[in-house]
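You will see chain A twice below: alongside chain B first, and alongside chain C after that.
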Partner chain A sequence: MNFDANTIIYLLEIIVGGLLVGIGVHFVPVGGAPAAMAQATGIGTGTVQLAAGSGLTGLLSAGLMMHAMSLSPTFAQDGYSIWPILLTGAVGAMIMMDATMLTGSWIYAYAVGAPFASAKVNYDPITMFSQPPYVAPGTVGQGIPTVCFVSGTIGAAMGGLGGALIYFPLVLINGNPAMSAIFAIGIFMVDAVLASWNIQGTIEGFHDPKFKKWPKAFKACLISTAILAVVAVLITPLVGGV
Partner chain B sequence: MAETVKGFKIDPKKLRIYGLVGSVVGIYLAYILNSVTGTNIFSFVGALAALFSVVWGANAVRRVCAYGIGTGVPSIGMLSLGMGVVAVLFGLSIAEQMGIGLLGVIIALVYSLIFGYVVGLIANRVMGFNIPVMEEGLTDLSGAGTLAILGWSFAISGSLGYADIVHSVINTGFLAIIFICGGLAILHPFNANLGPDETQDRTLINGVMVGGLSTVATGVCALMTLGLAAGMVQIVVGFAVWYYFFVWFFRLAKRDASAVVGTGLLPPTVQ
Partner chain C sequence: MDAFGMGLVAAMGALATVAGASEDIDSDIGSQSNPNSQVQLAAQVGNPHRIYNKAIAGEPPSNALWCTTAAIMAYVLIEGYHMPLLFAAAAGASLAALFDGVMSVSAYLGRNASQARFNQWIYLDIIRYTTPSIMAHVWITSFCIVLIAIMQVYILTPHHPFPIPVIALVWGLTVGAIGSSVGDIHYGGEREFQWRLFGQGLNTMLSGQIVRKAEAGLRNSIDNAWFCAKFGGPATGMGFGLTVFLDNWRTTVFDPITQAGAAIAMGVFFVIVMNLYNFYCEVSARRKYGPYPGYKGDIAA
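And now, the complex of A and B:
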């Protein structure tokens, strides 16, 4: 491998990607098992599943954009340009997360019959609707209120952006999309799990008091992604092509 | 009616040695058998080697998760395999570049143990988990995840060469199957057995049982990469492992249950 200015840029891109994933997890309204029983606010599954889902969709859409770019007749001169790839990754992850939240909401609203309410704030910061009257006794909120939906979309955008930011330099380094995707998933899992440990499994979004703990996840993801990134740039293309 | 069932209780330190040595020796044994005989029929030994690391990892999961980590047991299994997949790719690639292809297993293992320890330190110091066995547990998990991925990768590719593994495991996407099936074998046992009456032998036997099913899955993949004979051998071995340990697990579950009663057939039998 050649260690030059590009390597440092790749390193930084991977580290920033990992940090985006770690912080993005804090925005996603994760309710865990209680939310699956409509006894807590958020999406009824774990952080890792949501982070992995949005990250993988982000990777897929970023890969699609890279493929579309390589079909361009002027690709030989232009090469890849980074911004469309990152944006496609972010949009792909946002679509996945919004689809999950929307269909989940239908089930909460029409099948479970629960009013959407957050137990962490008295007024929804976006719609200004009062929340406590709608919180059923013995629960900590139900469904996905507007603020959680918005927060989840922001989180998914950060996750997708982070995933694409990890994936893109890896493809440039080792020239193997499959290996880059697997490697990106590995980094993604580590950061998502560390972040989900930081929020102890459940969070409602940026209005949740637990959101203030994000600097801890920032530090943790910084250290762990740095170790992973150093390793990632050492992997070279296979001799003789893929 | 109490049927005597073979149970066991193993010290975590001993189990770590068994997992580590069993897996590494198993992977190299599979490699030697394959290269001496010039076939790929012994690739299933790699899958059996992965079972040692599964037991090691499942025991680490039950030690750490017994403290309660707040995010559910699956998260730690995915973390283990996430660390493992990075370590495997790095180890094999670096070994190939340095021209010592066979030592890739050792390099991957050493890197994963160090990284696991660092993540454990982060979890305790930065996140403030204060779980005494966190560093130890994550070191174990990281190593177990790495060896499990390596073992099953060998079972699919039949070789330890970087190029072969990239070609037949990564480019085909079979690594995703190893990732999830291997992750299940490590995280599912404690997830399924947790509770105040959780016992070590029942949890670990469950791990081997799921590992057997994962071997069946990698056997199906091997049908495509290694051909009919090697794939079928692996499927049969995986099924045999699953069946033997399923029966054992069933007995242990009956042993630990307060009572075993028949519910009758549906509709309920009239007394």
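And now, the complex of A and C:
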């Protein structure tokens, strides 16, 4: 490929995608190992793992949509249209995240037997339900209250959108979906890990005081994704695209 | 939309449900992932136990590894040797199960040997009869996921542009993330601490005080699998099955080329329904268990 105005646009798309992933991770309510024992609010797993699971499910949907577009009889005139690809990535990620949180809620509600409560706020900002009376002693909340669920849905949407926005220009550059997907997964992981360090592994969602730290992750993701974007754009001419 | 495509999507959903359930039961038998922190801690606070201890990695990376291993072998057999699809998937899954067996045994030996100073023994009988169960569940998980990938790449139209190993990597990560988020709560929150007060989360003071006695004799990991297979496993399967089914259903019913908008709108509809269902679960749990009786604050329940 040649360097031209399009290359700058591709670089920008990859960087914006990386930033969306980095900020999206801040929305996902993860409580880490304590949440798996109903000692903390949120989903009982690691930030990066959950964000990757949802974002990459979105990437699969986005890859399929992009491929389907190229099969269209009018593809030669129309070319790719970016919005359906991005939106289907976001929706795929949201479906995965919501299915996970919903089935997790069944276990919290009907097996462990814990009312959902957040220890970070007195009232749920969406339902206005009181929280402290339901927080059991020795815990920092349990389950996934509505505000966390909505926040997780937003985070998944941003992660899926970001993953698709990284994948889209890579396919245009190298024309190889498999290589682009692996590169997109790599960039996704870097940004998710940076954001995870910023929130020290656990967060409840946009109502958590830790959420205010997002500008730090923004700066870190901007620098790392910019470097990775340059590598991603350069690697095709170096190894030869398909 | 064609009937064949719908049948395939239904089969993929069913396979995903089985894969999710077996993934969670595998992690319960091996005591992998988040609740294993309590199993590790138990010996250190004076509770040596007979529970398997294989924290090879977090569930998503380890399942991604098994599924990709299986998928790479299947891919080589299909593309290089023109083997039948089912045979290739079965052969790949067997390889993944062998890899898992080796790593599980080394993880159990290593972890328990390092806890010798806390009186934690290495039980050879546990290795002998628990490891094959772990391997069997990994076989089921990777077989189902490789079959899903094969269906997406070779059979379902439009064919997925990613090769089988990349799809298996992504589904492996996803099934691990769901198993770690859903099934682990049943094992960690319920099974490991069955004598805590019901209707509340686990008090941090109880950390490491896991239940070590079984319905008969001393509890081992097979007992945990028996318990978690009743709810945690199926719920995990439901989570992964919903993900695979709903995500593929909307692009099969609506043509992704001409009806992309409808496919996206249908996905948003599912998301809204799931948000409302979670709200119902929250209200129902709050009503059933009520506020904590010893609460002394001034915020009304």
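One rule holds in what follows: the second predicted complex is superposed on the first by the 235 of 242 C-alpha atoms of A that agree within 3 Å, B and C clash if a C-alpha of one lies under 4 Å from a C-alpha of the other, contacts with A are read in each partner's own complex, and residues count from 1 in each chain.
Following the convention adopted for this analysis, a residue touches a chain if its C-beta (ideal position, glycine included) is under 8 Å from a C-beta of that chain, and two chains touch if they have at least 3 such contacts.
Note that this is a predicted model, so its numbers are computed, not measured.
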item	value
Partner chain in contact with A:33 - chain B first, chain C second, else both or neither	both
First, second, both or neither for A:150, with chain B first and chain C second	second
Contacts of A:52 with chain B and chain C, given as first, second, both or neither	both
Which superposed partner A:8 touches (first chain B, second chain C, both, neither)	neither
Which of chain B and chain C A:92 touches, first, second, both or neither	second
Which of chain B and chain C A:116 touches, first, second, both or neither	second
First, second, both or neither for A:107, with chain B first and chain C second	second
First, second, both or neither for A:216, with chain B first and chain C second	first
Touching partner for A:178 - first (chain B), second (chain C), both, neither	both
Chain B or chain C, by number of chain A residues touched	C
Shared chain A contacts, counted only where both chain B and chain C touch the same residue	32-33, 46, 49, 52, 178, 182, 185
Sites on chain A touched by chain B in the complex	1, 32-33, 46-49, 52, 176, 178-179, 182-183, 185-190, 193-194, 196-198, 200-201, 216-217, 219-220, 223-224, 227-228, 231-232, 234-236, 238-240, 242
Footprint of chain A on chain B - complex, ascending	69-72, 74-76, 78-79, 81-86, 89-90, 93-94, 97, 111, 115, 118-119, 122-123, 126-129, 162-163, 166-167, 170-171, 173, 175-176, 179
Complex interface listing, chain C residues touching chain A	33-35, 37-38, 58-61, 158-163, 166-167, 169-171, 173-174, 176-178, 180-190, 192-193, 198-207, 231-232, 235-236, 238-240, 242-243, 246-247, 250-251, 256-257, 260-261, 263-264, 267-268, 270-271, 274-275, 277-279, 281-282, 284-286, 288-292, 294-295, 297, 299-301
For the chain A and chain C complex, residues of the former touching the latter	32-39, 43-46, 49-50, 52-54, 56-57, 59-61, 63-69, 71-72, 84, 87-88, 91-92, 94-96, 98-116, 122-123, 127, 129-139, 141-146, 149-150, 153, 177-178, 181-182, 185
